[in-house]
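The block underneath contains the structure these notes are about, expressed in structure tokens.
Labels run A, B, C and D following the written order; every chain starts at residue 1.
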């Protein structure tokens, strides 16, 4: 199978809402729920993608690098690439019933592990999803990051115990899900969380704890002060609040504020190895990618995931070669030009 | 009835000129009179809408706010939201004869009162419109703001007396109607007004007097010096002069100049609760909304008005939750990002 | 006849190249010769139009102006508006043979004179055009400005004599026609002109001498030093050199440099009374308008010209009313906002 | 034959991938390989073209220049224009088999020589292309610049010997071809090159040695330090790395850094004599043009090349006339305006 075949298969399998566009930019799917688009005007998703278009790579082939090394060490492990699959939930509703949340999670967790990276997995109103995913992660020796919604504190801590039992590499919480009022209607309210509560949650586990959904310097400081191992700069793909900035445009200032205190990752709009390069150059230590992994799974299951990861690696490696970066740490802001 | 049904009904009822566009942005209707569009190129209306697109919300869910309070106190009353229905006139001509100016005013005044906010009402060449509307406002215990055109001073003062008799919460004058030369042709000339004349008019009543149609710092100072209780930054929806700036882009400098002397409100381009949030963050104490209330009335009469107000409240409340604003006063400029 | 009927007639009469677009913005006709469009990419014309879109009017109706005076005194005469018809040549080729250069000039000269303004007229390879036009101007008591191409000095001076004999109000030369290599091929070469030569030409007459086709501060200074009564900032409608700036964007700096030494006029992209207002606010003492006068003549002959001038006056007067300008001199830069 | 006929012929001959667009701007062909477009998003090519649109010419016809001189002296020779044909390879694959790399090179070398300029020629995996082209250059008394890919040092030096034997005016290397991984797959790896290696290569010949593919100040300094006679600022038409800046936007800073140490040329997006003018004004001593020469060859062989060169000369000469430039050295940055 080739990656092009994965994409072709995905078009058949992925359901009516996602168009598997040549450029996954949030335009064709904006504001339509169910579906993969951004909320309301869809601009949160669209701007995520467009923000990357605002940077070019400073090509320079007068150097001695010929075999760039794309690997990174994070959460005590070494990964082939500084790229992780982002948590995706309710795939039956937003895509098609070829997968449900459990089978999707299993495919992306196993595919990523085999490909040398890591998948974050999602949470849901029904406990089977979270628990079943933990089982899948356990089967991969813990290579996966369960991502918990901002439920009541006791419930979050209970889910942390489940993740620990699965020996998960790390545990995450997407605190920007606090605005999903639909969950309260289903009897499982989420809410914003004070720094104090967050501190107690993080202190309850030895695992690296990652806060996803940071969009301001103020929030980044609160998360860092609460002891977050890492934060993920993310506007939730534009799906929890309309008319947010893109995650990329707030990245640099957040890195400047808390980059020496915690690890900063970026989620939102990353599609190619060049996008990975750009996010790293602007200060991220790693990136999360969501929608293209859905395409990869629906179009090629575990093999699709591997093919997509390999393509990302080839693109990132070529970008490093063409800019003279031997290692990931060499990808610095001077390798980019604001266009 | 749902708000979506209101919109569907409006499409049937609202007449040939308004297309009830998914985004009410001034493009489909530009420059066509009769109709709801901006004058000439229509850019005054279009830019009003676009100006809001230039700001994003700084999402931050690490805080303790969970039940934002959207209420405000203005003109000595408490309102559910800092939102008022703007005056709209000649609805038979610009929309359809399902309503005339009297029945439209009655619907919006009563619908707003029931929904916890307030409607501004319009004026016309024939005295029946203004007088009849005053009667409707009186029936709502004065919950309405009659808006007088800049006629000759004696006539303005006579109309103030009528408003006082109706026990109106406040009285307004849209001084930017001064350019409507068509009124002179109908024997009822309007004209610009000196600060001195304005001072005399305002001094003639105990009611809060509001000046609508301010677009410059200089005019804001004149209105404040004349004793205006509040000013409304507005370009009249782009309908009295082509090629003006948007009201939102001049708001901040006007607030900076007169914000400690008078209350500054904003009219123009507000559609959603997120727009309300943005205008408040840029210094407005309240906003006026015109065209969407026409949709609400033509599509659902008093109930349509209530459904639209409820939607605005839900959106504003969610925006406050997602940015950590417990009260309206917490909506400050640092909650926005210029995009 | 109404102006709308003039426009409808023009669509029938004006020939295949001009589309009489609702917005005469240079897009439909770009780069097609014969025709009215800009040369090559057409951007010189298109940018002229777009430059005006970059400014909005600062509406303010709190003042005592109610009857603005649009008149100006220039070249020793009083005109109803600071607007002149620009020279247009080869109308048979670029439009249709309903008019030739002589009958077009006669129509625009007489129509403008009757409407209280002035027309500039063109020049050609054949002397009949220039001479015949001079006769038409003489018949209007000199109310017209013959515009001479930058031929050899002796020939220019000879044509000045003809203009003097016609008692022309003023005489102009469009020095940017220097690049029309096609004229050399027809045995009548034009060329750039040194300040020295220009000085001699200007010194040869008592009439006010106007230099059209200035786009830089340096050229403006040379023209002023040579004794020009006025200069016209113009890129020749984008028809002599592709990819020039718009005339409006260079206006302010030219006025700043030579505005106390000579009169600065603007040509290029002016369509409405609001555009006239904007050009004056940015420092021009008057404007020239070309293409809309062609529409006016082909659609309504002398009456069409009058209707267009009347519309410009109404628009300019309304813009002055809505911004508090009693006289043309009150139209200053603070009445505009850069958008 | 006219240039218009060349273009019409090219449409028939050039094959399925190139559309011979009226504006050769990289949009119709983006991302499709084989074909002439930019890699991936195609933005490297598209931005090259668009960057030129960001500058306008400062027209001024008040001066004494009437016969501009477009000639330049470079590499010890005098050329009619500071314009060279850029190397183009694999024409059978990307265009049509009307030409192969040898016959294309012969046509462009001979056509350019006859027209008073110079062609750069390409390199390939098979040695016949490079060697055959050298023979064609030799037949034109060395009027051609063989361009070598960044193979292993020994191989580069061997190819330099071949060029010397052909008496080539100069020798070039396109070091940005280092990212063409496809060449390694064909057994002929290319790679980035250290300054040290480059120094040895340049030191191995007496010929002027030109480095093509510089996009940063750092790389420019390395090339200059290694002894390059000239550098060519180029992103390889956007074909070796997606999402680079345009070459024009990095030109000025590179000229500022190394312009007193080496000759700086520009490649990318140049289509007309006005574009040549702009690149020179921004500091280039000469430009290279690629795609339009392919059109010229496929549409008119040697005569097509001559017609295109003549058109460039006429356009450049007219631009100089309209801006007051007697010689190429007079084309300075103040002749442009950033739009």
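Here, a contact is a pair of C-beta atoms (placed from the backbone, for glycine too) under 8 Å apart; a residue touches a chain by one contact, two chains touch by 3 or more.
Remember, predicted model here, so these are calculated numbers, not experimental data.
Where the sister copies chain B and chain C meet, the same residue numbers recur on both sides for under half of the interface positions.
If each chain is reduced to the centroid of its CA atoms, chain B and chain D end up 60 Å from each other. Separating the centre of chain C from that of chain D, both taken as means of CA atoms, is a distance of 42 Å. Among the residues of chain A, none is in touch with two or more other chains. Taken pairwise by the contact criterion, the protein chains form one closed cycle in which every chain touches exactly two others. Looking at which chains touch one another, you get A-B, A-D, B-C, C-D.
Within the complex formed with chain B, the chain A residues making contact are 40-41, 43, 47, 150, 175-176, 178-179, 181, 191-195, 198, 213, 215-216, 218-219, 222-223, 226, 235, 240-245, 250.
Residues 23, 53, 55-66, 272, 274, 318-319, 321-322, 324, 337, 339 of chain A touch chain D in their complex.
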